[in-house]
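So that you can tell them apart, the chains are marked A, B, C and D in the order they are listed, and the count of residues begins at 1 in each.
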Amino acid sequence: MPLTAIALNCSLKSREGETSSTDKMIGLIATALAAHDVQFTETIRVVDHDVKPGVTSDEGEGDAWPDIRRRVLAADILIFGTPVWLGQMSSVAKRTVERMDAFLSETDEQGRMPSYGKVAVLAVVGNEDGAHGISADLYQALNDTGWTIPAGAVCYWVGEAMGKTDFKELQAVPEKIRSTATMVASNAAHLARLLKEAPYPGTEG
Amino acid sequence: MPLTAIALNCSLKSREGETSSTDKMIGLIATALAAHDVQFTETIRVVDHDVKPGVTSDEGEGDAWPDIRRRVLAADILIFGTPVWLGQMSSVAKRTVERMDAFLSETDEQGRMPSYGKVAVLAVVGNEDGAHGISADLYQALNDTGWTIPAGAVCYWVGEAMGKTDFKELQAVPEKIRSTATMVASNAAHLARLLKEAPYPGTEG
Amino acid sequence: MPLTAIALNCSLKSREGETSSTDKMIGLIATALAAHDVQFTETIRVVDHDVKPGVTSDEGEGDAWPDIRRRVLAADILIFGTPVWLGQMSSVAKRTVERMDAFLSETDEQGRMPSYGKVAVLAVVGNEDGAHGISADLYQALNDTGWTIPAGAVCYWVGEAMGKTDFKELQAVPEKIRSTATMVASNAAHLARLLKEAPYPGTEG
Amino acid sequence: MPLTAIALNCSLKSREGETSSTDKMIGLIATALAAHDVQFTETIRVVDHDVKPGVTSDEGEGDAWPDIRRRVLAADILIFGTPVWLGQMSSVAKRTVERMDAFLSETDEQGRMPSYGKVAVLAVVGNEDGAHGISADLYQALNDTGWTIPAGAVCYWVGEAMGKTDFKELQAVPEKIRSTATMVASNAAHLARLLKEAPYPGTEG
């Protein structure tokens, strides 16, 4: 059964600007997913769209979220990518999960949210420390909104404490990062396939 | 395929003492699991065992962890229960996940930790606020150490801000808590069954 | 010595919309500050201003942050107010602290950020659980960017787990919330006054 | 006015074992405090004492906390040191702050906890990522229990993502770490002195 994956890049910088280190990490996972027969559809640079504040699925005129929401929910796997700022996820990442709050009230007759059966993994990149705290906050927000988290679901890179090196500036991707991306992709593809073939039954009521 | 579940109750109080609110929440999930043909084996009250500080799987003479570790890894589903203190997980809960750090270096030839293919869910109970922050920290620690997190993997109860009511003192379990426990169990059983029948393949390297 | 305080309300809703529960909590602290000879200047509803994504103090044309930044730094005490969504601070709150990242590189010859000597306290309000996790993330972000945190620096209210009551709907403010707001104000005023009279000396290097 | 400082080292390893990287970081701050006329009394290696689980100030026979509590509260400044495990504070650190929960009910007639007027700073050291998440959780736990947090209150070191280098193995302390320790000490000494000379007044109720 063919699967699809999509990525959200929650960088603070517009695509027009410099290349993003977060994109580089997303690329490692996306490439590894291809080896598992998963078609990677696209990366949405969220900051380039007008995702309005709110906790419904459509905040009215000009809101870019309904279209992003539709594209995300059409995929089987979500690669959620965020940079590290002040040791925390970006405000764009926070805005994105905040909009998924609406899933909690969009359940079907078996109590299942629109994200049920879909798998989320993380790509976290920063100059320095923050990846574990961000993973924690994102796992909780994504799991609360119905996403399933496969074993070892994050691939991250940060430099030494208080450093300023960007991931994209590294001459080579460290071997440990590469093997982690490979495992993240293997686990995500396996779990997404199982859940697509046999969806969560939910509850009666 | 028959499945088994086990619970870790990370209360600060010994089993000899008062009944635990955490036990009550664990019981809700365990009962709901029974409806999915999952055999609940036991609840281990961790504080009653001498789990030594450290990050290996055996910290030597008198260490109770090797036996707890064996029993936990023999089950397909882990119900991880913790009370809320200062808005955070208990020190007993922290000690328990800390000992799982060893899983990171206990991988097989396909790079899989001993927890791969096993599912973890949470039971969090406190007088007041803290469940979301605890879920975040526990999802991260458990996922980093190889556990898979099914959709909507926590059942929690806390009272109003700065309150002092215990979950076990409630005259009746709130309907929303009961339905959440039912969904947590349904999702955990479904996912654990899928992963037991078709384990993560891991990677070649 | 006269002191001033300002509040940032990081609600997702525009001031034009419904009254905000966060405003109500800010009001409790602001009123209590008046008893300590602190003049409360204004509440800025951040979502009503175009605070652009980025980590500099001025992200160019149309960026509302430079003006908000100026007003915030003119005060001695900051009341940072946020609602709880998915157990976490709002995306507007995250955007706000993200912009303070710039303080890290705006130090004077003694290595002091523009926020040095200023005191921050929190007003956190939600339907249910999340206040402790939010306090943690906000204390870290605000302290990293130079703010001083007085003893017991948060006044929060959330309802019972998975509930839907708004703070503003309560018939009366719970006595415990009122006394906490009084203590937060007392501690903030005392500390801000000490630091205004005797600023941090910083370091020579 | 002479001030004193004390450190809690929440390493998982006994003092009998290898030297601790956490001790090295504590030493940097303690040395810098000396330049501000602060007498450093001692470092308590908490794991070497039988601090029992619980949330009262004395958990009965054999409990080492009452004596540690007395020594900590006799000092004006607390250096709270913890290693990073799984991106989180150690279980020994968690146990330590958990015992301070009792401060919440040990207020005087002005509502002040025993920790009021005392200043806490952090020393966080690990092989890799986790310092920001730990700072967040510790600031929240320490502030909730009455400690005041000076501007920029943490000195931390962690290596590159997924690395294995220990802080104590570094040939030289990085300049950025050294200057941060100097600033942490300057801010802590200044604030502790102000608060010792002019304690928080608390509230009447």
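Before moving on, here are some points about what is shown:
Note that a contact is a pair of C-beta atoms (placed from the backbone, for glycine too) under 8 Å apart; a residue touches a chain by one contact, two chains touch by 3 or more.
Here the structure is a predicted model, which is why all the values come from computation and not from measurement.
When you average the Cα atoms of each chain and compare centres, the chain farthest from chain A turns out to be D.
Interface chain A/chain C: over half of the residue numbers present appear on both copies, so the contact uses mostly the same residues.
In terms of their C-alpha centroids, the spacing between chain B and chain C amounts to 35 Å. Centre-to-centre spacing of chain A and chain C amounts to 29 Å, using the average Cα coordinate of each chain. Chain geometry summary: the mean Cα position of chain A and that of chain B are 25 Å apart. Contact with two or more other chains is made by residues 86-88, 132-133, 135-137, 140, 144 of chain D. Listing the residues of chain B that touch chain C in their complex gives 86-88, 129-133, 135-136, 156-162, 174, 176-177, 180. Only residues 12, 47, 53-55, 85-92, 94-95, 97-98, 100-101, 133, 137, 140-141, 144-145 of chain B touch chain D when the two sit together in their complex. Within the complex formed with chain B, the residues of chain A that make contact are 111, 113, 115-117, 132, 135-137, 139-140, 143-144, 146-154, 179, 182-183, 186-187, 190-191, 194-195, 198, 200-203, 205.
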